[in-house]
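Once you've had a glance at the structure underneath, I'll fire off some questions.
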Amino acid sequence: MFRGFRPGKLWSALFNSYGFLFLAFLYMPLALIVVYSFNANPINMAVWTGFTLDWYATIFGGAGVEGTFDVAFTESPERIFEVVKNSFLVATTAASISTLIGTATAVALARYRFAGKRFYQALLLLPMLVPDIVLGIALLIFFVGAGFHLSLLTIVIGHVTFLSSYVFVVVSSRLAGMDTTLEQASADLGAGALTTFRRVTLPLIMPGVLGGFLLAFIISLDDVVITYFIAGVGSQTLPLLILAMMRRGLRPQITALAVVIILFSFAVATVGMLLRNRKS
Amino acid sequence: MIAGDTVRSRRRRALLLLLAPITLMLGVFFLIPLGIMVVYSFLEPGLYGGVEWNWYPYNYGRILGWPLNDYEEFDPIYLSIFLGSLKVACLTVLFSLLICYPAAFWVSRMSERRKTFVLFLIMLPFFANLLVRIYAWLLLLRPTGFINTLLQSAGLIAQPLDMLFSNFAVIVGMVYIFTPFMFLPIYANVEKLDYSLIRASQDLGATPLQTFLRVILPLTAPGIAGGSVIVFIPALGNFIVPAFLGGSKVQMTGNLIERSFLQSRDWPFGAALALLIMASVVLVLMIQFTRTARAQARGAV
Amino acid sequence: MKRLLTRIAGAAAILMLSGHLASAEGKLALYNWGEYINPEIIDDFSKEFGVDVTLDTYSTNEEMLARIQAGASGYDLVWPSVHMHDIMQQLGLLQPAHPNQLPGWDAIDKAALRSHEDPNGDFCLPYAWGSVGILYNKTHIPELKSWKQFFEYAKDNPGKVTMLDDLRETLGVGLIMTGASVNSRDPDEIAKAEAFIMEQKPNIGAFRYDVIPLVTAGDTAASHYYVGGVLNTLQNPELLGFVIPEEGATMYQEDVCLLANAPNPHNAKLFMQFLLRPEVAAKNSARLTNGVVNTEAVALLPEELKSNPSINPPQDVRAKLQIFEDMGKDLRLYTRAWDRIKTN
């Protein structure tokens, strides 16, 4: 028996060429940034005037680029390091907390029967479906009204509210596909609920938990809109800095920074992918 | 009996413990903020930000037709901005659909190993920061950008095309950003297609077009609907893409909301606009939900 | 895998700790416009007084006000425009820093005490002023003199000019062109200004702030922009020009103010005193290419700035510059007009 869509040769060729166009659409813009980031032309990035690593030097604190156009207001390496530090701090904290909360919720909904389960399922989907801008301003109004100081802490709280849902979805799908006989066997052998969870359930769902963590981490690291509304004193994150830089205009330094970000995100995504594949 | 009771009460305690964090988190930092926003949208704007605690239905009035006449005759401008955002969001959905639909079939025909790899490739750009992806399109579309430079040096155009700062640029940018959202639901659907039905249709002498319209399209409708909803929601409230690729000449509701909070000091008006977006989202979700429920009921019969 | 999680958490903790350790004893937190202070001045101050200075930036007065009202405590000094200085003082967000008792105060141009609320300089120190004119690319327009010429060029080359994405500034140009005050509260005058901008809108490429690279690269030929753009014209005099249009223009002035809940008022006053030094004011202005309010600093400016008609304009040009006042509730007249312009 064969499964699947088997059109004729002509259709096959058409589909394949379309597929390559599709991938080109996805990757051409990113590839372009990479090329531009090595272009020495400080004024018009589309015109190649020579190879340079200067723009990377402005990020990592190598030699400055005195003499080029509007060197006055490139961001300093210290400043970039500071916001990167903020971003990682927020992403690690928010992802860790949401992993705990999301996993606990997923276990509760998968392993217990109780009234209001459907309510929880719907409630957990909501933060992912509410438009970012709505959640952002709702949190802003709330934090201001409740007398919170806008800071890294409020950013973490804001991120956890929607990241928990993402972790919940990832862990739930892992739990749903899981055989419960092992857990039953453990309970039958007299292990307490906690022991069973620690010794049996947790190891089995670990790839899901870790996958959820990574997803939460990268979403938090990238979040612009919600962070934009609830960031406060000295709590600028990397995306906010890039937003501010882009508002001031297209400059080669942003291009180089963008390449670094692309590479880092791709590395994290690849790790996540490898983890997922290892489980199966 | 007694032992059973303790097991049950222990399970109950465990359940409470497991649910407490999410209940607290979503209750305090999600439901209450949304509730406060609803309240704010009915209050009078404070002169310098914040609110005065007076009943004030004119925030909605300015949008829908009963403004406070001290300042203005009613002018359906905010409604037309909102309708404009709806249009942009719908076009975004349409174009992402046109782009992703054939691609889903392309991927579904691959061997398992290639499939995993190509799926990964398609998801990967999604992980690059949103701003970075918008930035890339700025570089592509600007008058001295990549596309214009290419076309000009090829001698195809004399003057650079005005692509940036238009509805066109906004839609292209959003389609690019939301592609994975549209692709995945459609792909999940196409992947599970029952091809025996398609072959049956062909065997019965249907033309390819007939087969597509009568068999393939209805079978993939759930994926199309799912993807459309997931793209529509973030597209409607977006303000970053219009701010950069629309050059602030394209104004969407998201931009108005942002400005109400951070520039024109009119929080209640911004809250009212945000709730208008929220209402459209809820409406779309409800339609989608009843549709799926009905489809499931039919499937059960 | 559990170990991986622990390790990540550990790394986070270390990052957090190192952040605390790095902070020196003396601190000062500045909240300023983007690109509105010479970074070298901050470095010089840090070194001389051993104070650890942090700088956050905003892009509109309203954004700054919103964030300060949103409980953004922790900042010491802010840089509101004059009308925002009035608002903030009325709202009780500022405390008197008494810059008028600091050495060097006598050099401050008394015409720069523009605040209605603070006529003697008890609260804030006048910082810098500037005009909003047109930055243009000379390969497209050899010499630009007026708004009339700007809009005529736009008519012949639609899409090649930009205006600021700022309701007061851009409607202000409309008001100037229709002969009204930029602080008009008359709905008819505002309607006329709106109609004027509306008529130009098809020819305007975009409403944006981030225009310097676009004008430099020639994506746009001319852009409504702040006098700070003169820095770029000085670096690239054959390519770029900046002009205060003949019909008149708006001007702005910012004052340095001490927040009521500033955690480091002492260091903040030290910083004000530092800014009062003529050589510091001159060094700052050379980078910002803004007008100086320190009469003794004028002499210390580089010649190219001293003689620049946009930075140090002659009296007849100064007379044509108008400064924004707070509109209170009437701001809505402008908001509404601006929304119509952006939508239709």
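Letters A, B and C name the chains as they come in the text, with residue numbers starting at 1 for each one.
Rule of thumb we're sticking to: a residue touches a chain if its C-beta (ideal position, glycine included) is under 8 Å from a C-beta of that chain, and two chains touch if they have at least 3 such contacts.
Protein identities per chain, from UniProt: A, B = Binding-protein-dependent transport systems inner membrane component; C = Putrescine-binding periplasmic protein.
The structure presented is a predicted model; accordingly, all values stated were derived computationally and were not measured.
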Contact distance in steps, from chain B to chain C: 1
Chain pair that, of all pairs, has the most C-beta pairs in contact: A-B
Chain whose mean Cα position lies farthest from chain A: C
Chain centre separation (chain A, chain C; CA means) in Å: 35
Intercentroid distance (Cα basis), chain B paired with chain A, Å: 18
Residue numbers of chain A (touch at least two other chains): 44, 140, 144, 246, 250
Residues within chain B bordering two or more other chains: 50, 142, 144, 261
Residues of chain C engaged with two or more neighbouring chains: 69, 214, 217-218
Interface residues, chain A side, partner chain B - complex: 3-6, 12, 15-16, 18-19, 22-23, 25-30, 32-33, 36, 44-47, 100-102, 104-105, 107-108, 112, 114, 120, 123-124, 126-127, 129-135, 137-142, 144-145, 157-158, 160-161, 164, 168, 193, 218, 222, 224-225, 229, 239, 242-243, 246, 250, 254-255, 258, 261-262, 265-266, 268-269, 273, 277
Contact footprint of chain B on chain C as seen in their complex: 60, 62-63, 65-66, 69, 87, 91, 159, 162, 165, 167, 201, 204-208, 214, 217-220, 328-329, 331-333, 335-336, 339-340, 342-344
Residues of chain B touching chain C in the complex: 47-50, 71-72, 75, 77-78, 80-81, 84, 142-144, 162, 164-165, 247-249, 251, 256, 261-266
Chain B to chain A touching residues, read off their complex: 10-11, 14-15, 17-19, 21-22, 25-26, 29-30, 32-34, 36-37, 40, 50, 99, 102-103, 105-109, 116, 118, 120-125, 127-140, 142, 144-146, 148-149, 176, 179, 193, 195, 198, 233-234, 236-240, 244, 254, 257-258, 261, 267, 270-271, 274-275, 277-278, 281, 285
Touch list for chain C against partner chain A, complex: 1-2, 4-5, 8-9, 11-12, 15-16, 19, 29, 31, 34-35, 39, 54, 56-57, 59, 67, 69-75, 209-214, 216-218, 231-232, 235-236, 287
